[in-house]
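Below, chain A partners chain B and then partners chain C, in two separate complexes.
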Partner chain A sequence: MGKREIPSSVKRGYLDALLFNIGAIIIGLLISAMMILFLKQSPITVFSTALGRIFSDKYTLGEVLVKATPLVFTSLAFAFTYKANLFNIGAQGQFYAGCISAVSISLALGGKVPTALLIVIVLVASFLSGALVGALIGIAKAKFGANEFLVSMMSTYVVQAVMDFLLRTVLRETKAEYIQTDPIVREAFLPGIVPGTRIHLGTLIAILSAIAIWVLLYKTSLGFRIRAVGRNSDASEHSGINSKLIFVVAFLISGGLAGMAGLTEINGVQHMLLQNFNSSIGSFGIGIAILANGHPIGIIFSSILFGFLNVIGTTMGRIPGLNIPASIIDLIQGIVMTSVIISYFIRESVGRRREKRMLKSGEVEA
Partner chain B sequence: MISILTRAVMMSTPLLLGSIAEVFAERTGMMVTAIEGIFLMGAWGGFIGTFISGSIVVGLLTAVLMGFLMALLYAFITVYLRQQQIVVGTAMNILAGGICAYFQRVLFGIPTTPLQISVLEKIPIPILSDIPVLGEIFFEQNILTYIAYLVIPVSYIILFKTSLGLAIRSVGENPEAADVSGINVNRIRFSTVLVAGAFGGLAGSFYTVGYLGMFTTGIIGGRGWIAFAICFLGNWNPKGAVFGTLVFGLAEAISIYLQSTGGIAIMPNEFVIALPYILTIALTIAKRSFNVPAKLGVPYLKES
Partner chain C sequence: MAENAVELHNVTKCFSKVIANDDVSLEIGKGEVVALLGENGAGKSTIMKILYGLYSMDEGRIVIDGKEVRIKSPKDAISHGIAMIQQHFSLVFPHTVTENIVLGNVHGWLDLKEAKEKVGMLAKKYGFPVPLDARVGDLAVGVQQKVEILKALYLDARILIMDEPTAVLTPQEAESLVSFIRSYAADGNSVVFITHKMKEVMESADRIIVMRNGRITGNVLKSETNERELARMMMGEELEVESEEEPIDVSKLPVSIEVVDARKKNRDGIAVLDGVSFSVHKGEIFGIAGVSGNGQDEICEAISGNMKLDGGKIIFEGKDITNESVRKRIEEGIGYVPVDRYKDGMVMEMTLSENMMLKSSYSEKWVKNGFIDKKGIDEYTDEVIRDYQVKATGHSDIAHNLSGGNQQKVVLAREIDAGRHAIIFNQPTRGLDIGAVDRIHRAIKGEKRKGKAVVVVSTELTEIFELSDRICVMYRGKIMGIYNRGELTTGRIGLLMAGVEDGKA
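And then the complex of A and B:
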């Protein structure tokens, strides 16, 4: 599974990345807008009405950050193992593991212990549950040489089955009417931080986590070792890095990050757990991580972009009389991702041509 | 018991078509990580083709076309634009989900009753279906299953006994050498993925046209990934794929049987549903010596 490093100077690389990404996103949005023609509606009217609604309404604008929050965690999860050249496709399952812990603890202790203490307990527990699932995948990889891509992918379905089983049995609501849990008590909610919106403390935790992961990856020796294994696992083994241990640690942290989305979504947004909860944040996390080229700070911004696309789609669906299906969200996100991936190729070609030109002019001078 | 086995063979059909398609693509060095999306497009294509035209044949052709188109986009970006295959596959799978959900609404609005199509009929094969036990299990199936029977020997012969098969395998093992010997590496990879996509689309159509008679966006539910896994577990060999699909088909048949007969009393339904996935994990961990194509997942860039 080959990995590419962006050539040419780092500074120019960042600027190029930014310009190309923005260009690709705009082109992706334009193509998506064309899709509205199939519903015999004017893309311009639909987009401008939706944008007008988002920016004129504080609550809706806040939803962008609310939707972005769990995506920060699932994309950090993918990016973290990606730096070690490993593929964790199972963030959805690790998120569910975090949800199970978050909801169980909040139901059991909510109102019985102070809110701050409860949030800390849930934070740690949701991290640990995701980390447990992640570490098991890492062990399968390190100890048995199992293909982590397959194992992590399949793990989601297994965790989901466990979650469905618990929802149908011990965690089932007292009314036993729907397959979902009772709502958690108000004392277990993550406090809101911007009045008039649903933005909650979890958003802040997500941003801090992204910064912490950046520090961990680029400023600590563990991060150095993880990236060294990612670049060349054999060479780093020779230089004394235990790459098998790195596999397990990388998966453990990755799974823990995805698990933390359980805290933000259960205690911050939904306040209960139900079947098929947030069922696509795992795969969107991968898309976002790619958009940001795996960079933790970039992930914050691309998560906000995806949150924004999500809110645009929902808002379009709610414009009365236009009848735009909410499924347009998936379509827009798919098209934008494809467009961004194609832009990578163009960026690489431009970079390569520029390098060649520089080499040639260098020869002439010499 | 016989009915479970009959159903096992039936549920193996799409997995077999999908995993053999994947075997061919991966032998050239291309993982078709868009397989889940290709299955979904096939299922949807089969449904809309049949529903709109009233003819199952048109439905199956639409399914093949949809799988082909999805593979076309995937192959173009991965082969000629040399982008990371897992990354592109993720984008394609999201895109496929969006296309199906959105255009289902564009075409049909919000129907008041679920849209239904009639499913493929079982065609008992004369004489063979009269064989006790085996006849019912293997020869009272629908046309897709019979196509799958044909695909097994044909794929094996193409891959191991023809010059085309040699070209396919050498492109995955040593593209530089293949290139020197006059094989166009990227063209082989590109066209193999397209053919794999067409078969993947046909495989996906099984779930709508061959089995359920209706379409939902969750209809594939990871079965494309199971076909993907079977290709790994079957050592990139059609023979291994046959064995793998039968195991998974059996797991699925048992799961359907237990769900329909209230097997929940014996063990939780959810466990039965998770069985194929647990099986994949267990087999992936237990199996050591992989016969991995040397250049799997690596784009080929001709030195110029």
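And then the complex of A and C:
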């Protein structure tokens, strides 16, 4: 009695997560490497050339963080509702809602108000528009008992259709050639923070958001209520917590987080909005959140890993004379993601079996 | 004894944190009616679900008709002639009786007419008046159970397992069930019924197997035992009525909780609270006795605010709180220990500290400007662990790593703290060992002496008698009467619990 140590089972849990994830990533990369054999190339040459290029070139290395930035937001979005035992798989749509606000405001006010003020406005607006989409899903769940999984999934298509409609009408570029907006003015760009790379202020905002979400979940009473409802909504209701309200709040914040990726991608990277913009960051967010065990700080690192995989793929596609198709990116990311998710289930079952063994040997008996 | 239909040898089963069955061996003879008796959570259902293939065992052997078999699914069990009727029936409500009975045994062409004939013959043989073309959802629960039994008979079951079969039945229905069990066993079939009701066991079983904490603590022929011995095997200790405390005159004490004509109908339109009125005074323990499921849980949930009444009022400290939220009632100082701590009382995956602050996340107690005072709540939790002698290493232990009794102490400590003026205890000691029960009883009496209004719901008469200053008995959503302690004998309260007016029949 009175010991203040972290229980050994908890420590083992963290260690497990780390070992299994690293193992899964290595296996995923090995399988991807074998795919390169089908292209009649040596995987070793391809990987070593690509890695060499990334680490010798500051710009390319910086791209890792640029690619990781929106993934931090979409995976935070998934992880946040996950803590309330809800599934928001509509981060893609909430991201698009954020993009629409970001691009509209930047086009309207860019150059007319100071950059700092504009960025604050876009930040708030992109959060709110994602939050609106999220809150609607939460309300559908709380009021009508709708399945949030389906509603959030379908909401992506709705927002996407709205975005396409706007791109073809009011937001369409002045020359009306492509289905995209005009570029926003330079004064509306998120300022770069590392010279010689594309790393911009949005990366910093992403990291700060992850930390803020960690504080919110684990240090505040609201976060406590969200986690309590997620684990046991009956006991929470008995404790005077309105679990339906928590559903809405969780979805609202989750949607807002995904919406903020609109700011970083429009004002930080693309500087315009086009059709099928960053069309896979929503789904990757789910995998990254699982990879990080839903932990906000872990999400920063696993997003960087996926940013890195993306850059490796791009770099491989650009190695002269090897003829590696650019779609290798999707292949590597997909295979690594799949092995990470499979490893999650293996880890769970190994953990359960170990608990049983411990129980039998009487280790847990108090 | 005749030869054995089923033998279980050394069966062990663990759920992630609990040993549900620990080296359990038992045998069921042909033509024998075996009662599996034990408290909730003793492992009775688990061992039978293993036999029926719903759970897989970690260790052990199953022998049927002298041959060792492997049962991996209910389908295997059925092929060995085993059928199990769950506590919650597995019936398809929109389908007819016949369709339900043949379900699970249809291959290719479905000849409903022939099936109906066979079912009709079976029903006749065992004297079941079941309308074969009626939709199951329209039938009374007792008839639905007969459908379940017919389903088993249709599959030529020789070993019938029933989980708490009488829990949902009226006394008459229960009687006809017992006579069915008798005639079915007389044909050489075996019956196992799982129960925690002593009376039923003495009425219908040939042999009684008693389980406690996952182990078998008794295996006796009915003719060679009595209720007292069975109770000892079930509880592990001799039942003992505590010495009387000073009787108090509650009429001089101020009223705290007033329930006025509380009414509630459940989803099926049956009145679960049928005009319940009583008042609880400050400084008294008001005991609510009764067979479980007679409206006790509902009255607790109505006072705590977790269930809205259809009619009637709840008045607390002079204020009408009928329409107030749970949160408001917690703020008013009502503590509530729910009957199911796993479901309603704790968040099992959270730490003890987090569980301690569950009810105060809105108050300023452990929260400053929206941030949790982690140090404060941790220190307080360690204090609780010390004061209540909770077996835990510290505040950061995960709740589900604690034993049931220790979890209950944590909930109790929280509610005693939250209930500044009144506390409702619903089955506060269910499933706990004697030592823990004693400590909890002392804590409850201590709160009464502090002048709080205390409500204790219990199905254990000893608990009711030991704690209560006044006792009311609930039966089918009604109060059969409110008595001072000493006015009731065990025999009289038993009659009241069975619904006999005034307990004098």
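In this text, the second predicted complex is superposed on the first by the 336 of 366 C-alpha atoms of A that agree within 3 Å, B and C clash if a C-alpha of one lies under 4 Å from a C-alpha of the other, contacts with A are read in each partner's own complex, and residues count from 1 in each chain.
Throughout what follows, a residue touches a chain if its C-beta (ideal position, glycine included) is under 8 Å from a C-beta of that chain, and two chains touch if they have at least 3 such contacts.
Predicted model only: the values in this text are computed from it and were never measured.
*Asks:* Which partner, chain B or chain C, touches the larger number of chain A residues?
*Replies:* In the superposed model, B touches more residues of chain A.
*Asks:* Per the contact definition in the header, classify A:157: touching chain B only (first), chain C only (second), both, or neither.
*Replies:* first
*Asks:* Kindly classify A:311 by the partners it touches after superposition: chain B alone (first), chain C alone (second), both, or neither?
*Replies:* Neither: A:311 stays clear of chain B and chain C.
*Asks:* If we overlay the two complexes on their shared chain A, which of chain B and chain C does A:290 touch? Say first, second, both or neither.
*Replies:* The answer is first: A:290 touches chain B but not chain C.
*Asks:* Looking at the overlay, what does A:184 touch: chain B (first), chain C (second), both, or neither?
*Replies:* neither
*Asks:* Given the touch rule stated above, what does A:237 touch, chain B (first), chain C (second), both, or neither?
*Replies:* A:237 sits against chain C, while chain B stays out of touch.
*Asks:* Residues of chain A that sit at the chain B interface in one complex and at the chain C interface in the other, please.
*Replies:* Residues common to the chain A contacts of chain C and of chain B are 1-4, listed in rising order.
*Asks:* Quick one: which bits of chain A touch chain B in the complex? Just the residue numbers, please.
*Replies:* 1-4, 35, 38-39, 87, 89, 140, 144-147, 149-151, 153-155, 157-158, 160-162, 164-165, 168-169, 280, 283-284, 286-287, 290, 323, 325, 327-335, 337-338, 341-342, 344-345
*Asks:* Mind pulling up the chain B residues that touch chain A in the complex?
*Replies:* That would be residues 73, 77, 81-88, 90-99, 101-106, 109, 217, 222, 225, 228-229, 232, 268, 270-271, 273-274, 277-278, 280-281, 284-286, 288, 290, 297-299 of chain B.
*Asks:* Considering only the defined contacts, which chain C positions touch chain A in the complex?
*Replies:* Those in contact with chain A are residues 14, 16-19, 58, 304, 306, 325-331, 336, 338, 343-350, 354, 357-359, 361-362, 367, 370-372, 374, 382, 385, 391-394, 396-398, 401-403, 406.
*Asks:* Can you name the residues of chain A that touch chain C in the complex?
*Replies:* For chain A paired with chain C, touching residues are 1-7, 9-10, 219-222, 224-225, 227-228, 231-232, 234-242, 352, 355-356, 359-360, 364, 366.
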